[in-house]
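Following this message is one structure expressed as C-alpha cells.
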Amino acid sequence: MSNNILFVVQRPPYKSENPKLAITHAMSCYTADIHIDEPVEPTLAYVGDGVLNCIRDQRSQDIYGLISTEQHIKVQLSGDMKILVCKEDIERLGIKEERLVDGKDLGAEAGLNVVPFKEILKEMEICDHLMFF
Amino acid sequence: MKLGIFYSDLRGNHDMLFRLKGEKIGVFLVGNGIYHATIKEKGEPSPILQKKEIDYYVLSEDLSTRGFSTDEVDSDIKVITYSDLTDLIMNDYDKLAWL
Amino acid sequence: MGTLTIGVFSSLIGSMNLDFAVKLAETAADKGHNVNLWLSGNATTAAKKGQKEYKDYSYLIKKISGLQKKGVQVAACEACSEARGIHAGEDIIEGITSIGMDWYVAKAAKSDRVLHIGVE
Amino acid sequence: MKLGIFYSDLRGNHDMLFRLKGEKIGVFLVGNGIYHATIKEKGEPSPILQKKEIDYYVLSEDLSTRGFSTDEVDSDIKVITYSDLTDLIMNDYDKLAWL
Amino acid sequence: MSNNILFVVQRPPYKSENPKLAITHAMSCYTADIHIDEPVEPTLAYVGDGVLNCIRDQRSQDIYGLISTEQHIKVQLSGDMKILVCKEDIERLGIKEERLVDGKDLGAEAGLNVVPFKEILKEMEICDHLMFF
Amino acid sequence: MGTLTIGVFSSLIGSMNLDFAVKLAETAADKGHNVNLWLSGNATTAAKKGQKEYKDYSYLIKKISGLQKKGVQVAACEACSEARGIHAGEDIIEGITSIGMDWYVAKAAKSDRVLHIGVE
C-alpha cells in the first residue's frame, strides 16, 4: 500500500520561497522509505495564481543567481512526477498552453497535465494527505 | 508631492493607490508587481492600470525572472532597468511608498 | 489516540503561525496524541540557539523544549537551516533534529492527520 | 472527504474556499482570520461566511488577542478553544488545508 | 529645523511583526539626535486595515506572552506622540470610536486622533519622508 | 549626487525584496550616490554569518560585502537580531553594524530619498 500526498501550489513564484519548497518536498517523497516501510507517492498541482509558476523562460538564474521554478519543474517532469495545472486558471489569466514549461529538452516523455479543476478536486479526494502551499 | 509608489504583489492593496494624491504620481511594478503589466485576467487589464494621470513603469529584470519579455507588456507601461529606476528615484520623485 | 503531524513554513517572528502551531501541538500532546512538528523554510529560524527573550517578540525556545518533554518530535529542514547560516551542533537548539525533507513526508504519510501551514 | 479549512488572513484567497467540495466542510478562523467573524465591512458580513453548508468555527484565544469578545461574534459561528480545535481535527475532519 | 517622518501602518496587527516595528521605529526618532545634529519628529498614522491595530482590550500578553500593540500605542500616547487614525476606515470596518485604544490610564492627555483621510494625506505632503508598513 | 537610504524588513529568503534592495543599492552606488542599507525585522536574517550557498536560495553575503566595498553602509537592528539569536560578534557578518533603530531614522532624516520596504 502506498501513501499519496497531494502538494497544492496556489501562490505565484518568487514572492515566497514556499512554491519552490512544494517541489522539493514533493521530490523528497521518493526517499521517504528510508524512514518508513512504505513508499510515498507525490502529486503536484498548480491552481489559482499558482499556475504562474508554470510559465516558461524564467531567467532568475541569470539575473538573481537563483535556480528558477521552471528548472525545478523540468527536472521533476523528466523524473515522471505527476504534475497537474488547472485549466480554468490558465484560461482566467490568459496564459496559452504553449507558454507553459516543457520538460522535453531534459528528456521528459510527458509535459505538464493541464486538467479541469474537478480533476484536481478528485486528486484531493483520493490522496491521503493535503499540503497547500 | 511627487510620489513614487512601489507595487510588488499581484494581489492586495489597490484601494490605497487610488487614495494617494500628489502633483505627480509614478507607479513602479517590481517583483510580482510585474504581473499587472503582463497578465490580462478574464481578458481585462489590471485594475491598478486604470488611473490616467499616473506614469507606470515595470522593471525589466523582474519581467525576465518570471518568464516575460518586453513585447508582452501593455503599451501604456514603460519598461525600465535598475539603472533607469535609480535615476527616476533620485531625480523625479521626492517621496517613495512601497505598498 | 491518533498521530498529528504539523508542518510550519512561517518565520519565528511575524505571522504568529508558529505560536499557533506550538500551542496546538501542546494541546494535542496533553490530550495523549502523538505529535510531530516540522520546521521548514523561514520556520527554521525558530531552531536557532541564543534567542534573547523580549516581551515584544515571539519567544518559543522554552515552549519547544516543553513540547519535547511531552514526547513531541521536533525537526528542522537541514538545507533550509543551512542556507540561513543555522548549522546543526553550533546553532541548532538541542533536541531539534536537523534532517532532510523526507523525514517530514514520511511522518506525514504515517499520520492520522496532517496540518501543513505552507505560508509565511 | 471531510475537509477542515484554515483561514488566518483578513484578505486573500476567497475563491479557493468556494471551489473546494466534500461531504463535510468546516472552516476554522484562526489568527487574523478571526476578523471575518467580527468585522462587518460596509455593514456586510464577510463574503467567506456566505456558504450555507459549511460549519464555521473561530478560535477564542485569537479573538481575545485582537481585542474581541465572544459576544461580538456572528451567531452562525461557533467559538472554540485550542482544546475543541484539537478534538475537531482528530475526530471530525480527515483532511486539512491551510489556505 | 526638524525633520518629520510619517509612519503609515496599513496592515492589521499580529500577522506581521511590522505594524509593531512601525511604533518602535517611530519611538526611536526621539533618540535620533545621538547620530545627527537635528531632531527627528515622528507622526504615526493608521489607515486601511491598519486601523485594526487600534482596537482596545488586546490580550496577547495573557495568551501568547507578547506585549500587545495596544500597550505600545498607549505608551506612545502618554509620551505625546501624534497618532492619527483614519475616520473613513474605522467607519468602513464598523468600528465605533469607543472601541479604540485609550491612553488615559497611562496618563495620556489626548487619545488617538480620528481624522479624515485627507488630513493624513496632508501629513504625507508636509513630512520629509514616508515609511509605509 | 544624492543620498539614498533603503530600509528592508523582509526575510533573506522568500519575497526577494532583499535581492531587490541589494541590486538597487549596488546600482545607486555605482552611479555615485551615497547609499545606506538598514536591515530590520526578518531582514536581520541576512546578517547571519555562515550562510551556505545553495543555488536554490537567495544568497547575499558576497553581494553585501561587495556593497560595503562600494562605500554602502549596512546596519542591522540590534533588538530584532538578538530576538532571533543573531548576536554581534559571534553571529553577525563582519562590516554589518548592529545598532538601534535610531540609526536608521537618523540616516533617513538626512537623506534625499528613503525607500522603506516595510513588508515581508
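All chains are identified by letter, namely A, B, C, D, E and F, in their written order; residue positions are counted from 1 within each chain.
We take it that contacts are C-beta pairs under 8 Å (C-beta built on N, C-alpha and C of every residue); 3 or more make two chains touch, one makes a residue touch a chain.
Keep in mind that what you see is a predicted model, and the values were worked out from it rather than measured.
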Practice task
Name, by label, each chain that touches both members of the pair chain C and chain F.
Solution key: A, E
Problem - Pair exhibiting more inter-chain C-beta contacts, A-D or E-F - result: E-F
Handout entry: Chain at maximum distance from chain C, centres defined as averaged CA atoms
Key = B
Fill in the blank from the handout: Distance between the CA centroids of chain A and chain C (whole Å) is 25
Problem - Separation of chain A from chain E, taking each centre as the mean of its C-alpha atoms, in whole Å - result: 42
Problem - Between chain E and chain C, distance of the C-alpha-averaged centres to the nearest whole Å - result: 33
Problem - CA centroid of chain B to CA centroid of chain C, Å - result: 38
Handout entry: chain C, residues touching no fewer than two other chains
Key = 13-16, 23, 41-42, 56-57, 59, 79-80, 114, 116, 118-120
Practice task
Indicate the residues of chain A shared as contacts by at least two other chains.
Solution key: 14-17, 24, 64, 129-130, 132
Problem - chain B residues counted as touching two or more neighbouring chains - result: 8, 11, 31, 61, 96, 98
Handout entry: chain C residues touching chain E - in the complex, by the definition given at the top
Key = 13-16, 19, 23, 55-59
Problem - For the chain F and chain C complex, residues of the former touching the latter - result: 11-15, 41-42, 45, 48-52, 54, 56-57, 59, 79-80, 82-87, 91, 120
Practice task
Spell out the residues on chain A that touch chain B in their complex, using ranges where they run on.
Solution key: 12-15, 49, 52, 55-60, 62-64, 68, 70, 92-95, 99
Exercise for the section: Would you pull the chain A residues touching chain D in the complex into a rising list? Expected result: 8, 10, 47-48, 117, 121, 124-125, 127, 129-130, 132
Fill in the blank from the handout: Within the complex, chain A is touched by chain C residues 7, 9, 40-42, 79-80, 100-111, 114, 116, 118-120
